[in-house]
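Each of the two complexes below includes chain A, the first together with chain B, the second together with chain C.
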Partner chain A sequence: MAEVKVTINGAQTSGREGVTILELAQENGIKIPTLCYLTELSPTGACRICIVEVEGSRTLVGSCHTPITPGMIIQTHSPKVLATRKVIIELLFASHCGFCMLCNKANVCNLRELAADLDVGLSPFQTRKRFYPIEDNPYIQIDRTQCILCRKCVRACREIAENGILGIAYRSFDTKIVIDNDQPLAQDTCRDCDICISVCPTGCLSKPKKLSAAKTGKPLIIC
Partner chain B sequence: MPEKQIVLKNCQMINPRDINTYLARHDFKALAKAQVMEPDEIINEVKASGLRGRGGAGFPCGSKWEAARNTPGDEKYLVGNADEGEVGTFKDRYIIENDPFTFIEGITIAAYAIGAKQSYIYLRSEYHRLRNLLENAISQAKDKGFLKHVKIDIREGAGAYICGEETALMDSIEGKRGEPRYRPPFPTTKGLWGNPTVINNVETLMNIPNIILNGAQQFRQIGTERSKGTKVFSVSGDVAKPGVYELVLGSKLRELVIDLAGAETVKMVQIGGAMGRIVSSTMLDTSLSFETILGAGGVIVYNESRDTIDIVLRTMEFLNKESCGKCSPCREGTEAMVKILQKFAGGRGTPKDTGLLEELSSTMMLASLCGLGQAAPFPVIDSLQYFRHDYESRIK
Partner chain C sequence: MTKIKTQTISPQNENILIRLKRVESQFGYIPEESITEVAQSLDLPVSEIYGVATFYSFLATKPLGRNVIWVCQNLPCHLKHAEITIDNLERTLGIKPGETTSDNKFSLELTNCIGACDYAPAMLINRDLHGNLTPNKISQILKLYK
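Right, the complex of A and B next:
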């Protein structure tokens, strides 16, 4: 494999042919934020958070799916890139419902982490809110109000679990993660593979809360 | 520059349901000539002609063919893009309705040049009634023995604007949900089912028989430096004679809108549909070419009685509805834009809203995955540039 020479944030470096900008940046210790990218899954280019500036390109390019080419000059954190990432997070927050304080995933939420990194406060944009009823069965809980449509779960279900239960339906703002052909979540739709739950960046997919109602057997302390 | 009929020369002259009327005029001579040429010769001829894609992006047609031809692989595909979804564009419908045979001849030559044994015509679902006409034309051409080297099938869309975008179109032909793919890889290297694919607009393919028959040099004689040949425009809106006009590239907007279509007063003209550019009445001397403004050829004229904000809002509502929902800047950005424009429409705009619109526009243009998101802010940007007072008068 030929080595491809590129300049990334002013420093000369090189990578194998076919490597994406994101992978090369990671090898060089540069952290490019991502929401829809996962090493194990095929890239999709949906969230656009990983955009970087490439000299000569009319637009910013998604680093998770763009392979490096010889002589590429890349800026991963230029003011233009940071300003654009910030607006994208603000847009995602505009339709995102619920309070981080009440969210189970608050401290492990990628969206919230990114918002903190990029200094996003209250979103200046007003859009509709995505309100959907919470669905659950004993294995999984789906709260689509938290969904940012990164599609990691859809790809994980298809590519890792090889089930293809989760899919995408509807268009535009009404796009949502659906089960089969938008069927309600039933007892036997999904068993406990948990793969989609582990890849979800927000509080959308989670294990259902088991409150004390589920406890059976004798109490441990007998008065 | 005058009107000139190259693409439309057979329209109204032949019976679209009878190949014999076409043969009486042309006899598939271009195909016969192409088949004694080497494919590389054809590609060089098309490259030399300077023909650029007529679907809006204006990519050099010959280079596209060459890229697909040079990609190794036995399976190659050619797609005729008849998903004419752009607002106010109806030239391809007129072409297919009146002259399906030149279109088919163009497909056969293109398929021969790139080495495709299978080609598709991607017809938008709203043009379902043209399917029968096209199928009839294909079967007649087949009976006459013109389709020995290539099979032409029709694939119908399901009513999505985004499927006119070439990568979404491929997903749709493959039977998937029509959503744009990231590029690279480009369709010419990895297209339909991972094979090299060329996707050309109907009008682009209509130009091919003429180039092969009369040579690249003749084609190059008209047009501007970087836009050769003619362009078919569909004019609608506040004009006396809406319809399809073919003009030499580089003609003035005034000739099309005032002289030919007969507009009386003009406030603004939207060139290239929903994602096209808006120009004000002072810019009627702009020439129509790839160097300036062109798009897919849809020209909508608005007179003084039309409200700028209303036009922009309705355009944005359309784009918001037709966004495929894949990438966040477009899906959420068009939604946020609609909300801000609604505020202006209701006279409830605030001074910082225009700033927000500009910030949003820049993000969408820079970060969106496909042409829809990247071009969606154009009506907002252009109206803010030429009709800013219309926004400012709505600030409460």
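Right, the complex of A and C next:
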């Protein structure tokens, strides 16, 4: 494999042909934020958080799916990039339900972490919110109001779990994660695989809460 | 539910859209069974075929009426007040977008750009283009369809 010489943030470096900007940046210890990217999955460039500035390029490019080319001059944290990333987070929050204090996954949420990193407070973009009832079975809980449509679960279900149960359907504002052909979540739809839950960057997919009502045995009474 | 046969699908043809289009021309819409069959014959997940079928406005996943109205909802039509057109059609037909009248005469659907921005606001009825729509014009046009 030929070595490709590029400049990242002013420093000369080189990488193997076919390596993406994101991978090369990670090799060089530069942290580019991502939401929809996972090393094991095929890149989709759905979330746009990983955008970087490439000299000569008309627009900012998604670094997770753009391979390096000879002589590329890349800026990963220029003011323009940071400002755009901030707007992207604000746009993701526009239709996200956003009640972090009520969310079980608030402290493991990549979206919230990024919002904190990029100094995003209340989103200036407010739109109607999506409403979907929460679905659950003993293995998984799906709260689509928190979904940011990163498609990680869809790819994990197809590529890692090799089930292909989850998919993405409909268009524009109505786009949502579906099970097969928009079936309701049944008791036996999913088993203990949990892969989609572990890759979900928000609180959309989680383990169902075990309510005390489900406990068996005598209640403990202290007198 | 009775199983609908879709023998016309040849396993050689690997194009999802062509297959879905063929199913639609056979049944008038794409039944759930056909989605499963297309998925099986292409060795793809059902969810993927369903995603494609629901993404396109011109692929119907439920039965439609005799005449189908597609109202454009993209930006140029929106700026020319397409919502007045949609409102007007809703009131005239008594249905919401995505529904069919009880006499099965009209289905009202919203679509993305139909390439008639110079006639905005525009709609298609059974692939006939009607542009520069006004409430008066709409009632005239609807009379043309039986």
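The criterion applied here is as follows: the second predicted complex is superposed on the first by the 215 of 223 C-alpha atoms of A that agree within 3 Å, B and C clash if a C-alpha of one lies under 4 Å from a C-alpha of the other, contacts with A are read in each partner's own complex, and residues count from 1 in each chain.
The rule is simple: a contact is a pair of C-beta atoms (placed from the backbone, for glycine too) under 8 Å apart; a residue touches a chain by one contact, two chains touch by 3 or more.
In this text, all values refer to a predicted model and were calculated from it rather than measured experimentally.
On the superposed chain A, the two partners chain B and chain C do not both fit; they clash.
In the superposition on chain A, contact of A:N181 is made with chain C only, not with chain B. Within the superposed three-chain model, A:I74 lies out of touch with both chain B and chain C [touch as defined at top]. Contact with chain C, but none with chain B, is seen for A:V154 once the two complexes are overlaid on the shared chain. In the superposed pair of complexes, A:I140 makes contact with neither chain B nor chain C. Number of chain A residues touched is higher for B, counting chain B against chain C. By the document's definition of touching, both partners, chain B and chain C, reach A:Y170. By the touch criterion defined above, A:C190 lies against neither chain B nor chain C after alignment on the C-alpha atoms of chain A.
When both complexes are overlaid on chain A, the residue A:L92 reaches chain B alone and has no touch with chain C. The single stretch of chain B with clashing C-alpha atoms against chain C, selected from 55-63, 307-315 or 379-387, is 307-315. Residues 168, 170-171 of chain A lie at the contact with chain B in one complex and at the contact with chain C in the other.
Chain C meets chain A in the complex at residues 32, 35-36, 44-51, 53-57, 112. The residues of chain A lying in touch with chain B in their complex are 43-49, 51, 59-60, 62, 65-67, 80, 83-84, 87-88, 91-92, 94-95, 124-128, 148-149, 168, 170-175. Chain A contributes residues 154, 158, 163-171, 178-182 to its touches with chain C in the complex.
Interface residues of chain B, counted against chain A in their complex, comprise 160, 177, 181-182, 184, 320-329, 331-336, 339-340, 352, 356, 359-360, 362-363, 365-369, 374.
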